[in-house]
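Below, chain A partners chain B and then partners chain C, in two separate complexes.
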Partner chain A sequence: MTIEFGNPDRPNSYIGKTVPRPNAGRLVQGRGRYVDDIVLPRMVHVAFVRSPFAHARIAGIDANEAKSVKGVLRVFTGQDIAEVCTPWVAVLAHLKGLKSPPEYPIAVDRACWVGEPVAAVVATSRAAAEDGAALIDVDYDPLPVVTDMMSALDAETPVLHEDMGDNLAFRRLHEAGDIEAAFKSAHKVVSTRFRTARHTGVTLEPRSILVDWNPAEGQLTAYHATQAPHMMQTVLAEHLSVPESRVRVICGDVGGSYGIKVHVYPDEVATAAIAKIMSRPVKFVADRLESFTTDIHARDHEIEARIAVEEDGSITAMDIDDWTAIGAYSVYPRTSAIEGNQVVNLCGGPYDFKNYRAQTTVVFQNKTPTCQYRAVGHPIAVAITEGLVDQAAAELGMDPVEIRRRNMFRDDAYPVTSPANMRFEGLSHHASMNKLMELMDYDGLRAEQAELRKAGIHRGIGIASFIELTNPSPFMYGIGGARISAQDGCTVRMDPDGSVVALSGVTEQGQGTEAMLSQIVAEGVGVSPDKVRVITGDTQVTPYGGGTWASRGAGIGGEAALQSARALRESILTVAAAMLQTEQSRLDIRDGQVVDAATGESRMPLEELGRIVYFRGDTLPKGLPRELVQTRHFITSDYPFAFTNGVQASYLEVDIETGVVKLLKHWCVEDCGRIINPQLVDEQIRGGIVQGLGGALFEEIHYDADGQLLNGSMADYLVPMAAEMPDMVVGHVETPTKESLLGAKGAGEAGTAGAPAAVMNAINDALRPRGAQVTEMPFTPERILRALGVLED
Partner chain B sequence: MKASVGGYARASDLRHALELLSGSGGLGRVLAGGQSLIAAMNMRLSAGDLLVDISRVSDLSGVSDTGERLLIGALTRHVEIAGNPLIREHAPLLSRAVQYIAHAAIRNRGTIGGALAHADPAAEFPACILALGATLHIEGLHGRRDVAAEDFFQDIFETSIGEGEILTGISVPKAEAGEAHLIEEVARRSGDYALAGLCLVKRAAGHRVALFSVGPKPLLARTAMTALDRGDVEGAAKALHDELDPPSDTQASGAYRRHLAQVLLRRAVARIEGATA
Partner chain C sequence: MNEAFRDKVDISLTVNGEPVEARVPAGQHLTDFLRLELGLTGAHASCEHGVCGACTVQVDGAPIRGCLMLAPQADGAEVWTVEGLSDTDAIKDLQEAFVARNALQCGFCTPGMLVAAKDLLSRGGIPSRQEIREHMSGNYCRCTGYEAIVDAVETVARARAGKGAA
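Then we have the complex of A and B:
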C-alpha cells in the first residue's frame, strides 16, 4: 500500500493541502460546547477554600457560618473527601529515585502551597458557593517554608515532607565520554549561568469539569476540558473505586490546553468525589486567579553550563548542571521529573560531539506544583545549548551560523545516536539552515545591522537550532507504570448515504486535530473532507487512545486514521467488485464514487453501495464480507521518539536607554516530516513561537520569600500580545518518518522550543559591542539595563 | 470570582444620582464606564457596593468651548477624547494620551471622569490634567466646588472628592499659540500601565512636567520644571533623580523607574526641540 504523496494531482489528494477546519464555523458562531456551556438537571456548583499560606498545619475548620448562606448546600473538608477518594503518588518506575508523598484532593491536615484546596463549598450557584467559602474559618498554624530552589537541599533548610527524608524529589546524572579530559584539553571553555522563569500556560478556557454520578447505573460521567480523556477515565475509576468501564469522560470543545489540561488536579478530582457523595451533577470552572495559583507551572530552572571548543569551532564537550524546583508534589500521573529529565536528554541535541555530562536536580518547595507545559524542557535545553554555542562563537571570533554548520549532524549521517543517547531516524539541520539563510537574507541583514550600529542603533540577529521530541512510544510514560496510552486508534465507518464517520482517540483542543483527521480519512477512503464527520473525546465511543500531548496527534492519531480509512476503502471495494462483477484491483474510490481505476470513469456512487449493503443486503452474494466499519491502531516501535528539527532566527532592536526590546522579524524553518495541512502546521509554528517569545520577554510568575504568589492576574502576568509580535516567516523541509505510511512527525512544540533561544542570542548579539550579556529570562527592560550597567543601586 | 454587589440603581439625572449616593449609607459607589470598578468587583476587591449608575446622565458628557477653557464632561469616553476636534486643537495632550490607555474595548467604555476619580497613579489622564493645570468640578447635594488638579490627587486611589460628591467635569486651559504638548511612556506591552510616564507642556509662562507611575499619585516635578525654564535639561534630569522615589514591584524596581523618568524627560525635550528646529 503506497500513496504518491509527491504527486499533487493524485486522486483524493487532501493530505498535504490546506482544507477548512470542520469545527471553525461552529466555534466562530459561538455554537461551541465547552464544559461551562453544559447545564444538567439538579446541577450544583463548587467553590474551593484555598490556603493563603505556603505551608501551614490545618488545626480546625469551622463551617457553621458558611452553611447559613442562602444557596449553600454542603461543605466538605479533606477528611470528608478522603473517605471516598484515595490519594495518589506521582512517581514513575523508569525515573529512578523519583519520590513524592501521597496527595489528597483536598488537604487533610497540612496545606503545602498557596492555593491548595483546604475545603469545598457546594451551592446552587457559583456566587453562593463563593459567599460561603468566604465565611469558612480555617485555623492555620503556619509552618516553615521552603521557597528557594538552590538552598532546598541545604542542611539548615527545613524538610517539606518529613516522610521523604529530604527535599530532593529526583536526580539524574548522564555521562558520555571523558568530560574532564575534554575540558582540560579544550582550546576555549565558556561557562554561563542561565535562568528560565516560572511560567504557566494561560489557556483561554480555564480548567473546567462537570461530573455526574448516577447511582442507579453506577456510572460516573465527567464532562471535562482535558487533553487525555482515557487517562482521566482510569484515574477517576481508580481513586473513586468505580470500575473503569463505568467511568465515561466526555471532552467536547476545549479552549486551549498547552499541556495544562493533561494533568490530574486535586480540585477536579474533589469535584468528582463530591458528585459521587451527593449523587448529583457538580460543576467546577476555575476562575483566572485560580488558574494562576493552581494550574501547573513550569520552567523554573537555574543552570550552570559550560562548553569546550577547538580552535576550528568543533564542540568537544558540554557540561550541564540543571536545577529545578517543582512545588510541593510531583504532579500525577506524568510526574514532575520529566522536565528536568528532558533537559538532560535534549541539551546539545543538534550537534555531533562526544563528551557530555548533564545532571538535573529536582527539589520540592512550597509553591504551586510544576509539570509538563508545551515543549517540555525544550526551551530550556535549547536556550542553554544555543546560548553556549553563540558565546563560544563570539570567543572564537566565528560567525554563529558557521559554528553551527561545523558541528550539526550531517544530513546524511542518520540514523545516529546523540551523546545524550537520543536516537535520530532522520533530521535535516543543514538543509533547514540553508533554507533559513535564504529566507532571511542573512548576509543582507548583517550588513544592515553594521550600518545601523554606526548610527547608534543596536540591532541583533539570533539563531537557534533545535530538536523536538514527538510521536512518543511507551518509553515516555508506559514503561514507568503509568496507564497512559502511547498507542492510538481510529474507527472509520461508511453510512448508507456514503458519508464517513471517523472516531479517534486523539483529541481536539482548538489546534485543528479534527481538520487533520478529516482530510486523512477523506484521502484514505476516497471522499471529500466535507463528507467526513470526526468524533473525538468520548471514552465510551472512540477507540482507546492517549489524546493530545507530546506532539503526537498527527503522527500517531493521523496514522491510525489513515490505516483505518484505507481498510474501509478495501472493504467498500470488496462489495463494489461483487456488485459490479469485476476485479477489486480494477476499481478505485474517488470523490465519493466507485470508479474504474484505469480510466477514472464513474461506476457507482457510494450512496448506491450504501443503499444495497444496508437495505438490500439480500441481493449480495451470501457470505460476502460487508464490514463497512474498520478500526486500526498505531504505535511507534522502531524509535522511542520521532525527533524533528528546525532552526529559528530573530531580528530585533534594543533601546539601550530604556532596555526595551522591539522584535522586528522572526523566522522558523522546521522539519516535521510529512505536512498534512500546511496552514495548520504554520499556525502551530506561529502560535508556538508566540508562546516562546512570551517566555523570552514577558512571562514570569513571581513569589515572595514566604511563598506568596505576587502576580495572579492577566494584568500582572504578561502574556505575549499581538502588538508586540513580529512578522513571522515559516519555512519547511520534509523528512518523513519511515515508521508510518503517513510519515508525519509532530509540529506542535517546535515554535516554543526555539524562540526563546533565538531572542536571547539576538539580544546578546545587539549588546555584545557594549560588553553586556543577558541569560536570565524573561529579558525585561530592567534586566537588560542592569546587564549594561546603567542602573545604580 | 463572581462579584458580590449590594445593590444597583440607575440615576436619571445628576440630582437623582446625588440623592441616591446620600441615601446609600456610605456604601454608594459611582458607576460610570466601569472599566476599573467592575474588574475590582469581579476580583471581590470591592464587595457589597450600592452602585449608582450615572452612565445615562446625558449632560455630563461631551466637550464645550467656554472661551479661555474647554469644559470636558466627566462621562466623556476615552475614544471621544481621542477624536474630539476641540480637544485635538486646544488640549492635544489629552488626545495623544489616549493611544496609551489600555485597549480599544476599554477606551470605548472608559470615561475621563472615571479615570480621574479612580486616581490610579499609573494612569495617563491624572498626570495629563496635572500637566495642563486643569480644574476639576465636583458637585454634592449642597453645592458645587472647583478643585485645582494640584490639590485633587491625594494618595494612591485617593482624591479630594468627598462623601456623597460626584466629579462632573474638568476645565482645561486652551493651548496658546506655540504651546507644545508631549506624552512619553514606557510600558512592557502596548496598552499596559506604564512602568513610568511623563507629560511635558511647554508654555510661554514656563514648562510643566507631570509624571505617572513613579509614586503614589501623579507628580508635578517642580524643580525639574524650573531647570527646564532655565534651559538646563541635564539639571532637570538630575532634579527628577533627586525628587523621585518610585515604588518597586514585579514589573520594575524603583531605580529603573527613576532612570526611565530621566530618559523620558530628555526624549520629550529633544522631541520638542526637534519639532521646532
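Then we have the complex of A and C:
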C-alpha cells in the first residue's frame, strides 16, 4: 500500500497540510498541566543543599538546626540515599576509551562542581524546605580545582578523579586520505582558532519531578518533565530496584526541553529515592539558580582548524583539532563524549573532498557537567566548516556562494559516504542553495550592501550550509550498551463511535507531536484529524519508545503511527467487507465513512461498524478477525542516521563604533524530507534559528578560576528577546527518505545548527574591509571592538 | 529567619472578578498565592526575579510580575489571570490568533505573553512590528523565536482596528 503524496487532492490528504494543534487551545487558556501544577495528597517538598565549592571533601554534615525549622520532616545525606539507590557510570562501549567515575544522586564524600547536591531537606512546603536547607552546616575541605580546558591534561594539573588516572575522559582521532600531502600541495591553506561558549538551555519551566511510591502496590509513579519517559522508567527501575512494570513515568505538559530534559539528573533520582524511603509523594522543582548550576551545559569547545584549497576553490583537505571540557562527570546515560564525537562526524559535512583529519579531546574539569543540547555538536561543526570555507573564499577572492557550489556534493551523487564516514541517502545542497538565492535576492542584497558601504554603513551577508543528523538508529546509543530505545511504537484503536485513539511512545514538548501524529493517523485510517485523540507521555499505556531527541519524533514515531493506522484501516475494512458482502479491495475509508473505492459512494459510517463489532459481534461471521486496535513499531535499519541538509543566510549591520550587531533578516532553506505540517516545521526552524542566534550573540556561561559560576541568573546570562530578533524567511526542498512509507526526516535542530555560522560569516563579511575577523562566540560588542583594534587593553 | 517574615497578613481582593479573603505569609509572592492558595496555575513561576515574564498577571489594569509583588501588596487590588481572562472571553481573539499562528509551542510563557500583549492592544491603533517586539521584550520565549507571536499580536491589532473603523 502506498500513499500518493504527490496528489494533494487524494482522499484524507492530511499529511502535508497545516492543521491546528489539538493541545494549543488548552495552553492559551492557562489550562496546561505542568509538573508543578500537580498536587497530591500527603505531598512534601524537597530542597537541596548544594556545594558552594567547585571541589571539596565533605568532612561532616550537621543537620540539627535545620531539623528544628517548622515543617522540616527529614534530612538526607548522600550516604542515606546510596542505601536505596545504586550509582551510575556514564560510558558507552562504542566510544572506545570513554571513562567516568560512579556518580551518586547526592555526593557521598566529595563534591566536584558548584551546585552538586550535598544534602536534601524534605518539608511540608517548599519554603520550609529551603529555610531548612539554608541551616544545614556542611564542613567542607576545599580541594585543588581543574577549570581550564586546554591545560587539563598537563602534568602539573591536579587529577580530578584519582581512580581515572588522568583528566582525559575520551579522545577520538579520525583520518581519511593523505592529509599531510594535501596540505603540502595546496594552493592556499587557511588556519583559524574557533571558540564556542558554554551554554545552557534555559527552559522556561525549570526541571521538575514529582514522585510517589505506593509500598502497598510496590508501584513508583513519577510525574516528570522529561523527553524520554520510557528511558526514565528503565533508569528508575534499575537504580531503585523496582521491576520496570512497577515504574510509571507520566510526562504531561513540559515547559521547554531542547535536550535539557533528556538526561538523568542526580537531584531528580534523589527525589525518587526519597519518595521510596518516605512512602509519600515528593516534589522537586529547580529554582532558576539551580537551573543555571545544574541543568546540563553544552558547547564549551576550542578548536584549531585548517582548510586546504586549490586555485579553483576545490577543497582538498580539512584538519580539525577539537577540545571540549565536560565538567566533573560524563552525564548518564547518553554520556558527555557525544558532542565532541559529533564534531568529528560532522565537520566538512556538505562537501565532497578526500582528505580529512579530525580529533576530539574530551577532558574533565570542576564545572557543571555538559551533555546533549539541541543540535548537539552541529553548531560547532558548522561554524568551523563554514568559517573556514568563507575565509578560503576571501583568500581566493571568490564569492562565498560560488565556493560552496563548487564543493557541495552534487544533488544526483547519492548515496555517498563522507570523508567522516557518514552515509548520506539523499541530500539537496544545490537545490537548497538555489532556492535560498531566490528567496533572499542574493545579488540585490550584495548591491545594497556595496551601496551602503560607500555611506560608511557596515552590513554583512553570511551563508552557512549544513547537514543535520536525524532519525537515529541504535548506532547512536544502543550499540554502546545504553538502554535508550531507537525504536518507537504506536497503538491505534477505533472506539465504538468511530473516533480513533492513538497512543505513541514519542512525546510532546511543544513542537506539535500530537498534531503531527493526529494528521498521520487521520490519513492512515481515513478519518478527519479532529476525530483522532493522541495520547503520549505515559509509560503505563503507550508502547515502549525513545521519546523526543535527535529529531526523531516525526521520522520514527510518525512512521510507527502511519503503519499502525494503516493496519487499523485494514482491520476495519476486513469487517466492513464481511458486513457489506463485498471484496475488501473494493472498499476504502474516507472522512469516517466506509466508501466504495471506485466511486467514493458512502456504504457505511464507521460508527455503524463500531456498533456492530463492539455490541453485536454475534451478527458477524464466526472467526472473522475484528481487532479494532493495532500496534506497530518502527526502527530504521538501512542507514545509521537519516541526514538532512539546508542552508541559512544572515543579513546584519555592525556598528563599528560600538561593536553592536543588529540582525536585519535571516533565511533558512532546509530539506527534512516529507513535511507533515508545514506550519509546525517552519516554527521549529524559526525557534531553532533563534536559539542559534542566542549562541552567536549573547549566551555564555562564565566561571572564574576557582570554578565559581558567575552569571547564574536570567539577568546575567543573556538570551534572545523579541526586540533583538529578526524576521525569518523559511523555505523547503523535500527529499523524502526511502527508509519509510512516510518519508519524513527531522527538522527540530536545523535552525540551531546553522544560525551561529551564518551570523559569524555575516559579521566577518561586514568587518572584512576593515581587516578584522571574529571567531570566538558569542560575538559581543567587546569582542568585535577588540577585533577592530578599538579596544586593546 | 526573621520573625517578621513569618507573620501572616490578612488580605482582601478580587481575583478574576470574584472576592477573595485570605491570611497569607507576609513573604509570599503573588504568583505563589495565586498558584498555591487559589489553584490558579496559569501564571507560572520561572525565574522568580522579574526577568522572564512567565508570571505576568493583570493587577489594577496593568501587567505585573507576580514574582515581584508580595501577596499582601495585592490587598484591595483587582487581579486578573489567564483563567479569568479566558472565562470572560476578554482575550478570545488574541488566543485564537495565537493558536492559528502557532505562536506558542510549550505554552509555559503563553499566559504571561497574553497579558503583556493585551496591555499593548488595549492602547488601540496598529503598533509597528518593532513596537510589538519592544513591548513583548519583557517576556522570554525559548521555543518560537518570537516571530509567530509578533504576527499574532499584529493580526489582532489590525482586526480590532478594522472593526473599530467599521
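For the reader, a short list of remarks on this structure follows.
Just so we're on the same page, the second predicted complex is superposed on the first by the 792 of 793 C-alpha atoms of A that agree within 3 Å, B and C clash if a C-alpha of one lies under 4 Å from a C-alpha of the other, contacts with A are read in each partner's own complex, and residues count from 1 in each chain.
Heads up, the rule we're going with is that a residue touches a chain if its C-beta (ideal position, glycine included) is under 8 Å from a C-beta of that chain, and two chains touch if they have at least 3 such contacts.
Owing to the predicted nature of the structure, the values given are computational and were not obtained by experimental measurement.
Put chain B and chain C next to each other and count what each touches on chain A; the higher total goes to C. Contacts of A:F53 after superposition on the shared chain: neither chain B nor chain C is touched. In the superposition on chain A, contact is made by A:D37 with chain C only, not with chain B. Shared-chain residue A:A723: touches chain B and chain C both. By the touch criterion stated above, A:E130 is placed in contact with chain B alone, chain C being left untouched. When the two structures are aligned on the shared chain, A:W113 is found in touch with neither chain B nor chain C. Applying the stated contact rule after C-alpha superposition, one finds that A:G256 touches chain C and leaves chain B untouched. Of the two partner chains placed by superposition, only chain C is touched by A:A24; chain B is not. Of the two partner chains placed by superposition, only chain B is touched by A:N711; chain C is not. Residue contacts after overlaying the shared chain place A:V790 against chain B, while chain C stays out of touching range. Chain A uses residues 127, 131, 287, 713, 715, 720-721, 723 to touch chain B in one structure and chain C in the other. The touching residues of chain B, when paired with chain A in their complex, are 1-4, 43-44, 186, 188-193, 195, 250-253, 255-256, 259-260, 263. Of all residues in chain C, only 1, 25, 27-28, 35, 40-49, 51-52, 54, 81-83, 86, 95, 98-100, 102, 104-111, 114, 129-130, 132-134, 136-150 touch chain A in the complex they form. Those residues of chain A that touch chain C in the shared complex are 20-21, 23-34, 36-37, 69, 127, 131, 201-206, 253-258, 287-288, 509-512, 679-680, 683, 686-691, 713-715, 719-723, 725, 727-728, 751. Those residues of chain A whose C-beta lies close enough to touch chain B in the complex are 125-127, 130-131, 134, 287, 289, 657-660, 698, 700, 702, 710-711, 713, 715-716, 718, 720-721, 723-724, 780-782, 785, 790-793.
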